[in-house]
């Protein structure tokens, strides 16, 4: 099978692929962030990379190295910055990182770029990075950029199967059923199922306080229980997400 | 009734209030952005200011001048940057603006600050501005900051009354029922009800494309119809939001 | 009478005006800064907005929302940063704010932009913001920008009438006769004439010291007495300034 | 006579002076800017350095290397950026340059720093650089900073002698009588008196336009004639300025 | 064997390790850069990570995710920015990335941090990132940082064995004998030995030109031939470098 | 002899030279940095300026004012930032300074620019400044930039004569034989030969530590002894460097 990971290709091979195939280049965007006692710190980069690789295999794409560090973790979606191990960037620095890298892909002749975000907190700083890069390049530069948080490809049907008792919403899915199931599918050696905590779901008021109210976040860092996770659910989710992403780039860049 | 707007107080009066009352200072965060043919460009600053003023009246607070320009409008929540009139800032510049202003309130002796955001796209750049300001000030500076998108105080009951046929979600509420009703309540002279468009709701895929797919956005700029808006619903929403905000600051800063 | 304030127009109306009339867009630039015990903190934004609105009415222009926060107050022209209530921005942040907004007006198709500055300390950071925006846009972008500190339209005749005992110079006019008179003309409800202090004029050496010598600044924050202010003088000054500005844009953008 | 120029001292000598004498360190701030056909591009750095050196000789101070490049030349005070040879910095970059250098002097143990500005356009970006440095250092850092535009030490008596027909104001003194006289005093080999133009004084309206109206600026770059300049006037001005500066630092840092 | 890679640990395990062992945290710093037709684009991150992991295994350390993108490639040490595939950052953005990450490790309680640079062009921007982070943290923060370009641990003995005909210097070792040998040792599946070019060594004058003289760089991107590379030499080099690094952190952080 | 220093020319003369001669403009890049007890703080700017002036005399070039402040001194090549007198800039600020100045020379019509660096630590921030300026200007702007550390023009023959016992490498040449000899040649009045220390050469491990290990740096700040310096060697070195630079610009800009 053809190599999909850019860092494992020589520049000659990469140039050939870009010139010949007009491929989609995927840029996974992750974080180094606590994901509970049962998942590793690198979940977001691992999953966005895994999703991007599978989509790339389906559409003849190329996957660039992940942005391994992301924006600051927020209590209501990632637990917050008070956890050791969470290692985050200032917002503008993340935007500039994305901006530089996007500008470089355009220089290579890439015309189809897909940012696959696996860390919710990254979203707006990636949007800004894309906007700044396109401003630099000029609107007629020929580069189009797709950006997605990969879980948005979960269909209602799939969510119905994964959450038979009702989907609590993506907001609390940090280190919970979706991420744990996907890790059981893609990286089962990096899930310590015996350490899945059973904290009830975190509850947040309709506002945020700073410095954060860390007492609202379960000490485990898990915002709702991952007890319902399974590799089978992970396979289902992975198919929805990877298939959806592959179709999306086909449609968007047609 | 006591003045709530900071720009209308003398510095002597402001100092007295801060020293004597330990008041909440509200900072409304708006935008200058298209809101359809039936609402004015300044809706977000007007509504966040109106909500902040009413909450301030209830809790003895002070309302600072709104940030009148906000982050770049996105197609799926604000229509996008292709509309004339929409006048937006780079993300980092908005963060730095918030950072500077917050640092100044701390210098004044303010200990309770509430950012009332009326423009969804501002959210993460305000979060970053708050974080940078608190980093500058040091964590033991005595200032606490609350940040909210004001519509998050709409309870399910209220949404049920406002949307008898079901709430389509905040995502499409740009220039739609909630904002139009609130404007009919707070600024009826600035709603041109005869120009409310009847476009069906916009539909977006689970990703964004850049440069944006402007053809997905109704040419009016309204993401779902505002036909169901009324001043009565505006009063109901205003009470939920202003009351909720007043209670929130009381609870959060207790 | 036709609406002049941009934030009160719909985008459809704004687009029509810009496309049809090639209007001057005015951007008032203010501050939130102590103006003595007898004037409110928002004087600079209020007066630059009032002047811009009157000029816009005379020339068919449009007035954008004011920049409500300005550069740091200096002892010799604004009293200094040690006053509670004064809420200021770093210089570069103000420049970037102006730069972003100017670039947006160019995108809208505006070709005539007038920055009406009401806060002396803003001047050079606005100059830089204009220069950076024009560099971004390219020199053949079609946008021309006028910048003025509005009081520079006071003619010698008018100053002679307003200061029968001799004009002490703009340097000490902070919260003094000119600003107080203009407020009595435009916003009489926001002048507390019974609190006008009677401090003698501040005196400064031919240098500045940092951290500032706050003892040189009268404790009231007024750099020379406003006792001579009157609504009649305000009307005279307003006519000179608004008429001068309207004529200036007509001449400059002819 | 003891060396006053820092770049000509060894670090051992500099340390000894700082530790023993608690000297004033002077930082001349210049530009590389057209000064008419009769003066060299480096006038502002040369004169601010010359003034600082003479003041340093009188008070036992030290003169650091000048900032040789300054903020962008403006038509009404420096002729504007359209002249070849004028070589200018963005405002923030000048501020950061001053900030860094000031922070370093504080690290050396310097407690008395005087910025001697010879280029009017630098003023506000130096103010910002000082403010940012003092924010970095903390207000109890022990460093005090004086900033002056050196010509502000010209007394009315001296101006009366130099301009027997009346002083036209500093605004038009670019490359005119004051600077030319001072150059005849300090650097007579760099004044080409036979090339002094005789343009009438430039006239400017009470606003600025961007892109600049270069036709308002005399083609020579001189804003009012330097015909009245002489070495004798230069000596008089130099004494006023250098003596005034030496007295000012004595008073300010007492 | 204990896990050394931070992204594969849970935050609970990471916290335990940091609190209990006071471990060295290694931060590999790489690039995405052409490395000839026989090596993959990700060589610098792969080798710095491999070296860091081996050193970490020897000293009980932890390896953070690599910085996968680095500073702009220069002709004389990396071939230059004209190669497709080379994907680089602005210098300040790399510095800020390092600064943020370092500040986070200090927050975690890490006291020993080692930046292992595998991309020569990164060096000075990493130095700046370290300096800025330590300025932020304060000099008494307890964090010490070691920075090395890993090849500097090659002893003269080892270089003598690897280059029996004489070592041409690190300057031309881009994609040449050292990197190719180390890749044959650590990642033999990512070396395409049949594509090793046989270009003679590149020659550069004692200056650089911009825009770069790309004709000085062999079209393959290899600055001197990798023909002499072998897995055995890679093992020798790896032992020198990994052993040297492990000893260095032991000595430096004793 | 024709003037070579830009700051001593009028803008009219400069314009004539640029228009008529298409001259090389040299920009010396220095520092204010300790150079032992026997050399002054300004060595790097003095020597880069002296070299540039001599090269300019030989090729009809022009020398712009030196960048008098440079990047932070490092222990292994400049002694480090702990010495009083060393006065350094943040890296990005130096890059922006170079960027601005380069962009201005392009505006003047200069097509041949040579940065002559006399402070090793400046190198990469100058490279970045050049790259950013060329990005701003566009690749077809007509400006070419040469950058050199001047000592790289020392041929092996010359080094053999200057170091009869073997050249220890440029790394330790801070304030040592080369710089001292060149100062004896160009500025003999600023060398205090009786204070040349006789410290043995500094030794550094193959890594750097931060905060720096200042105990590795001789207290004098000299990294290897300058005892072998002489004016004769200075003349030899100067001829190699100035001649080499003059030839280089002739070849590079042909």
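In this document, chain identifiers A, B, C, D, E and F correspond to the written order of the chains, with residue numbering beginning at 1 in each.
Here is the rule we go by: a residue touches a chain if its C-beta (ideal position, glycine included) is under 8 Å from a C-beta of that chain, and two chains touch if they have at least 3 such contacts.
Everything numeric in this text was worked out from a predicted model, so none of it was measured.
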Both-way neighbours, i.e. chains that touch chain F and touch chain C:
D
Would you say E-F or A-E is joined by more C-beta pairs in contact?
A-E
At what distance in angstrom does the C-alpha mean of chain F lie from that of chain E?
29
Which whole number of Å gives the spacing of the CA centres of chain A and chain D?
55
Can you check how far apart chain A and chain F are, centre to centre, with Cα atoms defining each centre and the answer in Å?
47
Would you please write down the residue numbers of chain D that are in contact with two or more other chains?
90, 92
Ring membership in sequence, chain A leading and chain B after it, reads A, B, C, D, F, E
Please give the residue numbers of chain D that touch chain F in the complex, ascending.
6-12, 14-15, 18, 32, 34-42, 45-46, 64-69, 83-90, 92-93, 96-97, 100-101, 104-105, 107-109, 190, 192, 195, 221
Which of the residues in chain C end up touching chain D in this complex?
71-72, 74, 90-92, 95, 121, 123-125, 127-128, 130-132, 134, 139, 144-148, 152-153, 205-211, 244, 248, 251-252
